[in-house]
Structures are given as structure tokens and as C-alpha cells.
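The structure appears right after this line, and notes come after that.
Naming follows writing order (A, B and C), and every chain is counted from residue 1.
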Amino acid sequence: MKQVSYKSLGYLLLILGAIISLFPFYWAIVSSTHVSGKVFAKPPTLFFGDQFFINLVNLNESIGIVRVLGNSLLIVTIYTISALAVCTMAGYAFSKFKFKGRDVLFAMFMVSMMIPFHALVIPLFKLMANLNWLNSYEAIILPSIAYPFAIFLMRQNLFAVPDPMLEAGRIDGVSEWGLFIRIVLPSIKPALAAVAIFLFMHQWNNFLWPLIAVQTKEMYTLPVALSSLFGLSRIDYGQVMAGVVIATTPIIIFFLALQKHFIAGVLGSAVK
Amino acid sequence: MQRMAKFYILLVAILLVITACSSNNGGTTTTNNGTNTNSSQSETNSSSHNSSEKENVTITAWAWNVNVGALNAAAELYKAENPHVTLKVEDIGRLDVYDKLSTGLAAGGIGLPDIVLVEDDRIGGYVEAFPKGFLDLSAQGFEANEAVFPNFKLELAKVNGTYYAFPFDAGPAGMFYRTDIFADAGVNADSIETWDDYIEAGKLIKEKTGSFMAPLDKFNDDPTLRMMLNQLGIYYFDAEGNIDFLHPDFAVAMAKQKVMDDAGLIKDVIGWDGVVSATIDGSVATIPFGAWYYGTIVDQAKDLDGKWGVFRMPSFEKGENHSANLGGSSWMIPSTTKNTDEVYKFLNFFSTNDQVQQIAMTDYGLFPSLQTVYATEVFTSEVSFFGGQKIWELFANEMPTIKTPYYTNDYAIGLDEAIKAQADVFNGKAIDVALKEAAERLASRTDRQINAY
Amino acid sequence: MQSKMHVPYLFLTPALVLFSVFMIYPVIYSLFLSFQSSVQGEMVFVGLQNYEKLLSDTIFLKAVTNTFIILVIQVPMMLFIAIVLANALNSVKRFKALFRVSFFMPAVTSLVAYSIIFSIMLMGDGLLNQIIVATGLDAVPWLSHPWWAKMALILAMTWRWIGYNMIIYLAAIQNIDEALYEAASIDGAAKIKQFFYITIPQLKPVILFTAVLSTIGTLQLFDEPYTLTKGGPSDATLTLGMYIYQTGFRYYDFGYASTIAYVTVIAIGILTYIQFKVTGDE
């Protein structure tokens, strides 16, 4: 009997949690289908309206949603792929090799996660200006390709790759690079998926740095463009919410596509 | 190792492709300032060559929201006489403009536009922190414009006697109110002259309709207090920059607010969204704010068309000053601009041209500081959303008697301490104690003197 | 066989180069900045003055206290509930994917949306209070009372990150050997006992991992106070992250802001070290 009640309790908890987690997003979707003022309605408007396309059109007029969405997608895609490559390689070096300075370098990466980004914005900005890369895709993408959190996760996952497998490959005369590409990578596919999701998340919602690095609206990413809808007092919440819906959809799709691997991939890294 | 080399070549190739892509996408390629003649290539090339002695110039500007529209409208008018000048406005969120401006200035003047919109209460702070960051407008001859702007806007555009900003919009304060709620309670707005009248009316309204009188983010913001201080001719600091928290009138204002709260007339709301929410749902009967609040009301409360009115901010004593200002912004020119004269000319045009300011008013709800505009038709017209009341006339009449709120460069800290004092008072602390403590904290944070009374 | 000494360096090079350029330079620059102060617009070297100022800065002290209070309450609470939820999700058979996505949503919902929604929900007569009042309790002054404002932040943070942590725990729980539970059941141990004596100890390394991450995140906390409370009321929700931002971007004291930032880094470092030592891992 005890079992049954625990199970029901479990379901109840989960359902409650799911509703709480989803409600704000649901409310955002509903708000995007109404006129601006409705967002403040009491009780909250929970049913869909008919203003979505109008809001979308207005949003496009305000920020050029197609261009902005395109920027975000392009940047995030390039970022995820390059960061995944770079961080996996670094994680591989840290986990499967002994070399001078390994622990110090790794510690350096880890400590950098503790530094509040606000302190680094200005020098980074100056650097980008000196490199003549302000207002470019590379300015947004490059600074966080070497993403310590991703390096950490990959290192953890790569510990699990059996050394004998690598040794066997070496004995067979496989090059180090070949070893990496043909033996190591395929064996950590779930980890690649998991880290890809984290990287995607990081760059998709990245706000402060793209805001500072970008000079013209043609280069805006979604978060920056959405923020530009907020003047002092005249805010069209219908547009804002429509933007939110558009901003959240790609990452949800990405997560849905990779989620099975995600669970498995996080696993390897978390359990030491 | 060959494989690895190939990989690196691929990575570098990808990076080169990205670089090539983004350079073509309208990114500016200069580093030290925002003005350049590379972007908007097509626009400058297609402009006529009438003024062939003048080089084509692109002016960049940062502004938020509706101000962008005003700039663009002005640019079109300007282009008729000055075809060689093209304006490129970046629409950036208000707070984001400041973050970018601060970063650019702190980095030594990098990536800054030719024109930037700055709210009046930030001008002092920026100029003091970055003394060489902004163009000296006095040196450009700004004094010639003094006659057309109200005194307080001129004062706010100056730092240590030198002009650094072009006054743009102002926030003459008024009491926005719900005519229907007042009618339900049987209160006549015309009968409210003093804050005491207001409080009495408020009690009646609360009793008859259940609505609060006004919204306030009691513990996070003090707009009502600021308007009251301004009415009384004082502010956080005096003209010399001394702390004026201990001025007897400061306590008077604080006390009046407390009386309102004790009578249950203030609705505690959270942040801007809270104020707007209360405006829409009728839980408050009035909202004391600057003229710019008109925009929010017509945007968010479309269902309440025709149910609004405005009356003058109540005064403290019968016959005393009613007028006050809340908000308002001006245009500044970062000193990194490469086209000093052209930019100055354009802003001069923008700020002193009646037609431009009218458009800003009618199309974008930006109340002009340019006094000459008040004589035009729009200021004597009836506004249907406000039941046909001539609200712009009301606001325009307030402008001449507004006193200068001396923000100084420590405004942010002053605001912080004033809000804390207000919060303490709402929580029951004695007013004189709260003000004294706040004054002392402010003095220690800013190294300023406290005026004793 | 060729020498393998250079191999790891080659794999590490891209990360190292990017890191050196985009992290080391800014870090050194801002470290230097922390010893400087603005004198009439010019940055001037002032030695340890900024650091000394920190010691007598009551607002800094407030920020430290606030951040620690939030840390001590929010992190254990969130992690514990996340484990419970992960356990529950592990035992249900249906709708797993739906639950997973639902819990993950908050972590990817844009900051803009969630802050507007939460501000409206937490208003005096907002949705949350409507529900509370309906159950007979008094409305809660969520964002106007110093204590409740902290609670509101904690609520918002928990909402945002609990799913993220839950999924991490879910993965780890799925890896726990079934045999352990079977043996315990045979011995007659109740489910609750199994949870506390098997599940949690088995999750120790994962808990450490999430605790460290949460600590780093909370000590740098900026998004929530900035969008929901602006540090108020009366600095009750002023966190270190917000104070750094304010000092630099509002009061234009970038030198001092860097000082606060590096002191924060030291604090995070110490806490992380303590957490490692306490759980007895490397």
C-alpha cells in the first residue's frame, strides 16, 4: 500500500512542478496573442487571443525579427560546433594525458568561471576594438569558445573512455588524431550531445557581451533586440511576448531533439 | 599529424568565412568612434551632388524606443536642406544605451556614436566621470539658444557653467486621473488645489469606490517625493551641491506622503510594471507623473479611451507653486565624433525647430522643452482620449515655473539614499531621524556637506 | 615511435590560445584596475586604497550578507527538492519526456519574459497572493519587505534552475545499482529510509558538482535582483553581482568595481575549497 501512495505522491509532485515550470511560458504565449495592455489583466488572461500575427508584424517592424533570428541561429550554430570541438579537444588533453602544467592550466580554466563577467567587459571591449572586430560575428563568438564548464564536462566524460582501447589503437599504428576522431568521439556521443545543449543554452541567451560588442542593429542577436523594445515608458508587451516565444522555440526544439542523449551525457560527467 | 593540420586549416577557414560574412553585413569597420563614411554606402552615393563642396557625412545616434522615430523624422526634414547628411539611428533599450555608453567611455572612447540620448539626471554623472568624454557645446556657441528653453532645462544641460547637452523632452508633472472613478465618488477634480484637498478627495474615493488614490513602489522608488521636492523648490542637493535632506521642506514633503499612506491612499506596487498594471485595472484613481506618461496610458489602456483627465499637481499651500518636473532627456555629443560641426548643426536644428518638436509631440508623445512650440496648434487642441481636455495646454503652462532639480553628478547615490529614507519612514521611523541618517550616509558616500537648518 | 610529448599540447592549443587572448588579458587588466581609482577622469594607481575602502564599506557588507543568506537558504533547498523530484521522475513510467522538457523550460526561458511575468505575479494583488489569500492567509509583501524580497528572489532562482539540476540528478540516479535497493527492501527498509541512506550517499559526487556550480552562480547573482528587485528594498536584495554592476556602471567607479569582483572571486574560491574538503573528494 505504501508503494502506491508514494507513486501517486510522486506524480502529484511532478505534475505540480511541471505546471509551475510551464506556467510562465504558457502565459507568455497567451500574452503574445493579445494587445499590450492585456498582459496586466487581473485575473490573468489565460485564453488565446487573435493578435499574434499583428504582434509579430509589429515586432518585425521594430526589430527585424528575421534578420535577428538569423543572426542568433548562425552565431549559435557556429559557436556550438566550434566550442564543442575546442572544448572536447581540451578535455581530452586534460583527461587522457599527463603533461607539464596540466593541473595548473586546468585550475586556471576552472578559476576563470568564478570571475564575474561585469569586471571583464571593458578590457574585452577594448581588446575587440584593437583587433578591429567590433560589431562582427567573431567578436560575439570567439571570447567564450574556450568555455571552462564545457571543458570540465568533457574531461569528466572522457575519463570513462577506457585506456586499453586507446593503447590498442596506438599499437595498431593509428595516429593520435585518428584515435581521437575515430575511436574517442564516437564513444562519447551522449556527452557531446549534453555539452552541445549547454553550449547552445549559453550562447542563445547570452546578453551582455553581444550588447556591448555590437554597434548596429543588423548584428543584433535576439536577446539584445528584445531588450531594445524597452524604452522608458512606451512598451508594447504584445511584441515583447511574441519575441519571447520566438526566442524560446529554437532552444526547446534543440533540447527535445537531443534530450535522450542529454540525460546519458550528463551522467558520465557528473558521476566521478 | 597531417589530419590535425587539416583540421586547423578548416577551423581557420571557417573563421575567415565568418569574418568575410560579417564585414559585408553593415558592420562598422572603424574602431575609435561611430562616425564613418563606410556604412550606408548606398545612401550616401545616391544622394544628389548639389552641395558638392560638402563631403557626404553619416551621423550615428543611439536612442531608445520612440525617440528613434523622432530622430528619423527630423533627419528627413533636415535632408531636404542638407542632402549630404545621413542619419543612422540605433534603437537600443534605454538601460542598454547607458551600459554601452559607460563601457565605451571607460574604454577610452571606443565605439561611441555621434549623438546619444541621455536622461537629464545622468548628465552630471557622465560629465564628471568622463570630463573629456563629451563635446563642449558652449564652445560651439550654444548660448545663442538660451532664449528658447526654460531655465531649468538650461541649468540641467550645464556642468560647471559649460553646456554639454541639447535639451529635448521634459516631464512637466500633472495628475492623471480617471474621470469615471472621480464621478462615481462624486469628487470634482477642479476642487483639488492643495495636497490636503487631494487627501480628502482620496479618502472619499476610497470609501465610495474602493480605489486607492495613487500607486507607488514604496520601497524602491520615490517619484512622488521628487515631484514634491521640486514643487517646494528644493531637491536632494542645492545649487552649490550641498546635501539638502535636512531642509525643513524636505521633511514637509516626506510627511505629506506619510499622511497619504496612513490614510490608506497609496497602493504599493512593484516596479514600472506594477504602476502600469494599477493604471489599467482601475485600482488607482490618479497617477502623478510627467507628461510623458500619456504615452503609456494610451498604449496600454486602450479600453479606457475617454475616461481620463489631467489636473495640476496639488500645491502644498493654497496659491503656492504647483509645477514640477519628472524625467526628461537631452542629447549629448561624445567628443570622439569626427564631424563636430555637422553633428552640432543637426542637433541644433533638431532641438530648435518647431516642426520637428511638434512631430515628436504628436507622433511620439515626447513633450518638448522648446518654448516656441507651445504657441502652435497642437497645444491648444482637445485630446479625445482625455475626454476632449486640452491637456497639452495644461502641461505647457506648467513649464515656465518649474524650478531646477539639482541632480549633480551624485544623483544616483542621492536617489539611493532618498529611497532608503522613504522606505524607513513608511516602515515607521521618525522622519527627522530617517532624513538625518540618510543625509549622513549620503555625505560619507559623496564627500559633500550637509546643509544645516 | 615518434615522441608523444607534444600531443596533449596540440589538443589543448586552440582552447589555450583563445583563453589567453580573451580571458587572461581582461583578467590582468581588471586586476590592475582594482588598484586604481578615477581622479578627474583619469585612472590613477592608488595601491591598496580600494581594498581598504572595502573593509569599511557598509553597503559591501550588506551585499555580502545578503548574498550569503540567499546562498545558505536557496542552494540546499533547491538541490534537495531537485533530488526528490529526480527520484520521483525516475520512478514514474509515463510522460517522462514531457516532464523532462517541462522542468527544463525555465532554464531556457528568456530573462526578459520571466522577469516581467514574475514581477506581475509577485505584486501585492498578483496571482501568487491571490492564491495565498484564497487559502485564508494574509497577502505577502513579496517585493516590499526586506525578508520577503529575499524569499521572492529565492523563489525565482529556484524556479529557474531546479529543473536543470533535477535533470543532472536524474542521470545520476539512473546509474545507481538496482541491487542496492533490492537488498535494502529485502532487509525491510522503508522507501524513505532507502532515499536517505542509499540514494543520497550514492549521489555525493553529483551533489558536490551541483553545489559548486550553484555556489558560483549564486555568489555572482545578478540577473534576478537586477530585473526583479533592483537590489531593493533598501538594499535588502543587493547581491555582490549587483553591487559590482552598480559600482561600475552606475557610479562609474570601475576601479572599485574590479576590487569587489576579485574579492568575490576569492570568496567563491574559498567556499569551493571548503565544499570539496567537506565531502572528502578531490
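Assorted remarks:
In the analysis below, a residue touches a chain if its C-beta (ideal position, glycine included) is under 8 Å from a C-beta of that chain, and two chains touch if they have at least 3 such contacts.
The structure displayed is predicted, hence computed values, not measured ones.
Viewed as a network of touching protein chains, the structure reduces to a complete graph with every chain in contact with every other. Among the remaining chains, B is positioned farthest from subunit C, on the basis of C-alpha centroids. Separation between the centroids of subunit A and subunit B, computed from CA atoms only, is 35 Å. In whole angstrom, the spacing between the mean C-alpha positions of subunit A and subunit C is 17. Multi-chain contact residues of subunit C (touching two or more other chains) are listed as 10, 14, 116, 120, 125, 248-249, 254. Among the residues of subunit A, those touching two or more other chains are numbered 40, 42, 85, 122-123, 126, 176, 227, 237. Looking at subunit B, one finds that residues 1, 4, 11, 99, 103, 106, 273, 277 touch two or more other chains.
Note for the complex: subunit C touches subunit B at residues 10, 14, 38, 40-41, 116, 119-120, 122-125, 141-145, 228-230, 232-235, 248-252, 254. Considering their complex, residues 2-3, 6-7, 9-11, 13-14, 17-18, 20-22, 24-25, 27-28, 39-40, 42-44, 85-87, 89-90, 92-94, 96-99, 102, 105, 108-109, 111-120, 122-124, 126-127, 142-146, 149, 151, 176, 180, 201, 204-205, 207, 222-223, 226-227, 237, 240-241, 243-244, 247-248, 251-252, 255-256, 259, 262-267, 270-272 of subunit A touch subunit C. The part of subunit B that touches subunit C in the complex is made up of residues 1, 4, 8, 11, 98-99, 102-103, 106, 125-126, 129-133, 218-220, 267-271, 273-274, 277, 283, 412-413, 419-420, 423-424. Contact residues on subunit B toward subunit A in their complex (touch as defined above): 1, 3-4, 7, 11, 14-15, 18-19, 21-23, 25-29, 31-32, 34, 39, 64-67, 88, 90-96, 99-100, 103-104, 106-108, 110-111, 119, 272-273, 276-277, 280-281, 292-293, 295-296, 299-303, 327, 365.
If you check the complex, the residues on subunit A that touch subunit B are 35-37, 40-42, 62-63, 78, 82, 85, 121-123, 125-126, 129-130, 132, 134-138, 141, 175-178, 181, 208, 211-212, 215-219, 224, 227-237.
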